[in-house]
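The letters A, B, C and D name the chains in turn, as written, and every chain counts its residues from 1.
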Amino acid sequence: MGNFRFSQTLSKQMREWRRDLHQYPELGWMEYRTTYYIDRLLKSFGFTTYMGKEAIVSESRMGVPELSILSQYENKLVSQGEVPEDTIKKMEGGNTGVVAVLDTRKPGPHIAFRFDIDALPIEESDKSTHFPIKNQFRSKNKGVMHACGHDGHISTGLGLSSFLANNKENLKGKYTLLFQPSEEGARGAKAMLGKGWLDDVDYFLSGHIGIKSLNIGDLVATTSGFLATTKINVTFTGRSAHAGIEPEQGKNALLAAATTALHVQGISPHSGGVTRVNVGELVAGSGRNIIADKANMKLETRGETTDLNQYMVGEVKRIICATANMYDVEAEIQIVGEGIETSYDDWWIPTVEQAMNNSEHIKHIIPNIFFGASEDVTFMMEKVKECGGKSNYFLFGTPLIAGHHHPEFDFEEDVLDVALETYVYLIKNLLNDTK
Amino acid sequence: MGNFRFSQTLSKQMREWRRDLHQYPELGWMEYRTTYYIDRLLKSFGFTTYMGKEAIVSESRMGVPELSILSQYENKLVSQGEVPEDTIKKMEGGNTGVVAVLDTRKPGPHIAFRFDIDALPIEESDKSTHFPIKNQFRSKNKGVMHACGHDGHISTGLGLSSFLANNKENLKGKYTLLFQPSEEGARGAKAMLGKGWLDDVDYFLSGHIGIKSLNIGDLVATTSGFLATTKINVTFTGRSAHAGIEPEQGKNALLAAATTALHVQGISPHSGGVTRVNVGELVAGSGRNIIADKANMKLETRGETTDLNQYMVGEVKRIICATANMYDVEAEIQIVGEGIETSYDDWWIPTVEQAMNNSEHIKHIIPNIFFGASEDVTFMMEKVKECGGKSNYFLFGTPLIAGHHHPEFDFEEDVLDVALETYVYLIKNLLNDTK
Amino acid sequence: MGNFRFSQTLSKQMREWRRDLHQYPELGWMEYRTTYYIDRLLKSFGFTTYMGKEAIVSESRMGVPELSILSQYENKLVSQGEVPEDTIKKMEGGNTGVVAVLDTRKPGPHIAFRFDIDALPIEESDKSTHFPIKNQFRSKNKGVMHACGHDGHISTGLGLSSFLANNKENLKGKYTLLFQPSEEGARGAKAMLGKGWLDDVDYFLSGHIGIKSLNIGDLVATTSGFLATTKINVTFTGRSAHAGIEPEQGKNALLAAATTALHVQGISPHSGGVTRVNVGELVAGSGRNIIADKANMKLETRGETTDLNQYMVGEVKRIICATANMYDVEAEIQIVGEGIETSYDDWWIPTVEQAMNNSEHIKHIIPNIFFGASEDVTFMMEKVKECGGKSNYFLFGTPLIAGHHHPEFDFEEDVLDVALETYVYLIKNLLNDTK
Amino acid sequence: MGNFRFSQTLSKQMREWRRDLHQYPELGWMEYRTTYYIDRLLKSFGFTTYMGKEAIVSESRMGVPELSILSQYENKLVSQGEVPEDTIKKMEGGNTGVVAVLDTRKPGPHIAFRFDIDALPIEESDKSTHFPIKNQFRSKNKGVMHACGHDGHISTGLGLSSFLANNKENLKGKYTLLFQPSEEGARGAKAMLGKGWLDDVDYFLSGHIGIKSLNIGDLVATTSGFLATTKINVTFTGRSAHAGIEPEQGKNALLAAATTALHVQGISPHSGGVTRVNVGELVAGSGRNIIADKANMKLETRGETTDLNQYMVGEVKRIICATANMYDVEAEIQIVGEGIETSYDDWWIPTVEQAMNNSEHIKHIIPNIFFGASEDVTFMMEKVKECGGKSNYFLFGTPLIAGHHHPEFDFEEDVLDVALETYVYLIKNLLNDTK
């Protein structure tokens, strides 16, 4: 592999894939078309692939949409000819994602990669200055958008797959590429992990495009500050009543939800480190003149450590129960997503620095950045470490017009070259190390 | 008119109409099919009718749904052949309702009646014990239900129309029947009133089925305690931000809405009389891990007098503005419905008692009940009184399995006979009086 | 008694007593000096009196101050020579109040009267325009003030006693005058009632100076709208912690109290009638940088009926307990005062009108006013009615510079003549009636 | 100074002084007796001293108690013979504190020390196991307690003074010892700093007894994590009203304070670092049945940097103003204390380690600890650094039965030897360095 090089073609292809994918964003556990798209390409490169129910443990999924919503979308895709019926069957009921394996059958390390593939429930901007508008690849799925760069992650994964396939003869060891569904909401990693893909992995690599104010060419060698997180749904059920005639007959679920929102916001900070809580969605009530008998809330906690997150979860639960008593309503609490803390390994910093010595696109290596967000990849990272392997998470710099999860989010596509190069040069280095 | 009598047929027909209408409930300003249904029958009875834009002042409507929603529904009705295209044209853009006029051209009083025709955004019960289930006339419009008895009101109005047409030769004076859209939310009365239908009316009559724990045969002669009301929509607009990475960048619209909900609930009671406030709906946020930049609330105030209601509106507005400042978000306040107070006239009590002397279905007359709810019919009642006429509002007793606005709401259909008889006997009495 | 008349002397004396008493206001269960003052005068008129522990059932008192505070004040009064030691002994430990009985031993009705004697924890105004300043009888007890007119009530009671004593030969029946301690906070009536003073009473009379915007000479014949009430003290106990170093160790009692205050304010109104709640005092925390481990709240509920008040008490208790759970603190709830509803008897209106026919000072009789406040006299009124007697409560008009419980509260002293005349003329009338 | 040594006497004296001082704790700006006590001893050692108005800039004081409270206490101290009248004069009106200067007139560094002298408004424990109870030196000032170890700080300062005086001939350079009033609430440092005592200082040293779970002999060489802080008093003024009769007339200051307390607790955390807020005291209302027209709150903000603290102050102010609008009350905001961030200098770690090489009592040196609290000494530390000097803050380990500001707070007196030795050995080292 001494003299591998990038083809210009690959760089161009990654941009095309990205723009294709960007037009058809799909929400977590609904990435049917996306999975099919990835799977076809992987197969065309020569990979053995495992799709849908072969790739994940169905029972370990969290935060799966209602079956009726899934079915309706599955039918639409089939009837519109977007995905063949037998392919849909393999993913039926929200079992998405695909895993590609390349075994060189030569002694060498097992290296695994993870790329997340889901999009967000955000209506993409239609400003004339928005890059996907100018270049005509805005989302065609109403109210859904790749606003977190996962289209770029998939493209990088496809670029890496293509490279590995093309350089197979120069490689040794085994390569596993996880195209994971449902990262948003931290709902998918455990289900994919459960299949055992990472049980004997030596090196596990993943990363994210565009966090913090970095430029193209900036590579963050290691990432700390993954916040442990819990995603919680709450339903308050009270009793409706006419608000004018007999207000005392109502049990007000809307006020219970409002009270919970205000009080979880006031949970005491912790001297042990960073904590977070957010009620991101609240939907309550069925009519202006009716005392609301139903309220749904989506909230999340985070903590710099798993313990700190548990402190937050405990506080949130106590507040929810107390509020339910206060308003004499019922509360149902559901955990729908989870991520744990992970620590980074100093070993990677010199390793990455050395590996990128001759790289073309990487101009500046930042040893470490505190992430401050959550990622369910931490389950995978910790699993690999438990089994004696090494895990790492990169950040690939790109200027951003607007932050992640924003309707105008966009990244500079040159970051795709940086990300691909990072994986490739590191593989080269790891193969040499373990020679 | 000395010897008028009810036909058994009419009693049966009212039940049939009611069950027809119950299956096709429509929300305020969307009563296209309902209006068309009423209009056809009225015409078949021989009435001159005024439909849609002829019946109301378009600009005076409040709380009209978005045009896109209206168009979509109009198109659906036309394409499914429910309403002819030229009929829809007369009501295009949410201009529903119909007025029927019968002028005997004989000297006599001008008597007007108002029947409200809209339904509610409630999913009807599918319990096997629910009367419309047992008798197979449950709502066919998903999420919409006649849960306030307006299907019964329309049927009574149709029954009265049929009676008037059949007894035309025995009558004198003029009869105007207003089939008013959008009573729920107090959005429609002003628009219909604006056309001048009530400018020279001597007697104005209206009423409601089933309030309070009354039985079939109970007639409430006069109603007090109409609460003045204001219907308010609020939108808070803040700034979204990733709740883990940079929470301080967010401007939290969800918490602003929650705070407003809690604090309007705590507005001080008033020594001047009954006041009410209800936040009936709250929808906020776009994602669990995003600080919500948008929140919508539907709320209402009420007061025993118009002044008391204004006290509540003033308090609500101050709280909304203060909360917006507290969370550094923008608040937009919209008045989308209104009702005023009205007083009742003692004169009606002996008049009604005397009129019902020989009635068949009316067994017990209750002189007055305190309503405790709001009704935009008060605008009509006050208008008639200003012009020298007399207004009255009846309550027609019926046992109720579940209260108004409840998924299991239902009334006993015998109340339709009581209501029709009330109007008919009273007309007879008023004609004699003014002979 | 046909030709009884007022002496000018009596009118003058009432003003003198009032000004004496106004300078030495005493809080509930601490009216040692006041009781001694009244008792001496009553004895001088020739009454049999029952003081302190003879007048009340000690165990039935509510809201009694801490023993240490009582002892300290008792000692001060003795050491300063204000009250003889053996007199204090009769009242030791907060057993104040005095009852005077005059039995004519001639057949006739038993008529009872109640005058409340306590003052309020308010610092009296020192404005030069304040009447007690101009006339040099401002309160000499720092932070305590007769700001509810009870000094006037006592004076009226003394005036009536004097009159009865002077006209003993013209009277028949039996007369009982209750000088009741601790009306503020509704803490004393039950304790005095418990001694059985009212068990065989035919007529029970009481009243208040100066409610509503009435003038001198206005007499309100009957009073409705006594709100049932409960007075509640709450203590929240949490755990203190340094707010900077380890905030998560604190259990915040201050926030629990704040939350309770906001949420009891938001208890739903009741279709059954008027309700009220007020958190009047909140004291929490021991240092700015310490998470507060203690909070004390004084609150009260009211209801137009005893049931409505109980509804409020139930809601308040549930909210307190839920809030305690929310903040993981302990809550202690104490009932420290109570008043019940009472209805008025129409019979009094013509009776009073007729009795006042020849009165000198009473110019205008208002049949009834809705009070809207609470009074523990209701326990006495209901007791008398249960035993077959008749109860009534007057309002004696006077212009007020500032409302009750205000540092500038003051009444025009001519109202004392009106009040005395009301009682005297009514006695005369009742004696004639029962002749 | 090569052969200086501790006298056993000094160790014993420090314990005696400490127990003396512990019995007479005084609140900030009221340390009259304490100042006099220190001043007498310093003079007896031979120091030139500057007391009261000579030591501080009166106008720069923050959070000074009301003059009437100060006067009353001054008079009491004089009348009881605790402090001579002419000494009180020098400190009249809350101008406490004393500065001692020793100038060797030999070339050498100017070294300054700061010892804080005030106590806290806490009632000291009377448990039989409490060390000051067992050894009979519990606080004699009711409700005031040295619960933060400042009695130990003063004793160390006196011990150091005594040592310096006794070793004067071995020393060179200049020594300034600041006995600073009103550290609690961060109210005093700026006032003492303003006199210019630190303008030409080379080394500035201070420290605290007993933070974190350290043992006797543990010395923390440098301290990071001083939180910038602002101390804020808020007064809400509304309008009182009878809560039963006319609740709508009230403007509720108690609810405004409660709302502020809940909402400042919910200020968003900041990605830039640690922030804190605490409402430590809330006193509102004057009577149970009166809508509260007055509420006072004491709160504080903190931030890991001065900017973060300013973020918190900004949020707090906006919330207070918005809440005032919400309840239609007036808010008055007063800044009564301040502390800024400071960074530590790595240079001290080896310096301290080397200096303590031969120490007797120091067993374990911890390079750095994150403090997490605030201290107005940061103003002094930053000033010295600005002028080219070096500043440092030590933590002296001691087991604690109960945390700082707790009624059972106590430290092991052996820590006094550790603290004194730290200062002495460091002086020795600094003199050698600058030889």
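Here, contacts are C-beta pairs under 8 Å (C-beta built on N, C-alpha and C of every residue); 3 or more make two chains touch, one makes a residue touch a chain.
The structure presented is a predicted model; accordingly, all values stated were derived computationally and were not measured.
Chemist: Which chain pair is joined by more contacting C-beta pairs, C-D or B-C?
Modeler: Counting C-beta pairs in contact for B-C and C-D gives the edge to C-D.
Chemist: Which chain's C-alpha centroid is most distant from that of chain B?
Modeler: D
Chemist: In whole angstrom, what separates the CA-based centres of chain B and chain D?
Modeler: Here the centre of chain D sits 68 Å away from the centre of chain B.
Chemist: Between chain C and chain D, what distance separates the C-alpha centroids? Give it in angstrom.
Modeler: 49
Chemist: In chain C, what residues contact two or more other chains?
Modeler: Residues 245-247, 255, 259, 262-263, 265-266, 269, 271, 276, 291, 372 of chain C touch two or more partner chains.
Chemist: For the complex, which residues does chain B have touching chain D?
Modeler: 245-248, 250, 252, 255, 259, 263, 266, 268-272, 291, 311, 318-319, 321-323, 325-326, 328
Chemist: Tell me, which parts of chain B touch chain A in their complex?
Modeler: The touching residues are 120-122, 184-185, 211, 227, 229, 231, 240-247, 254-255, 257-259, 261-262, 265, 276-292, 295, 298-300, 302, 371-374, 403-406.
Chemist: What residues of chain C sit close enough to touch chain B in their complex?
Modeler: 262-263, 265-266, 269, 271, 274-276, 372
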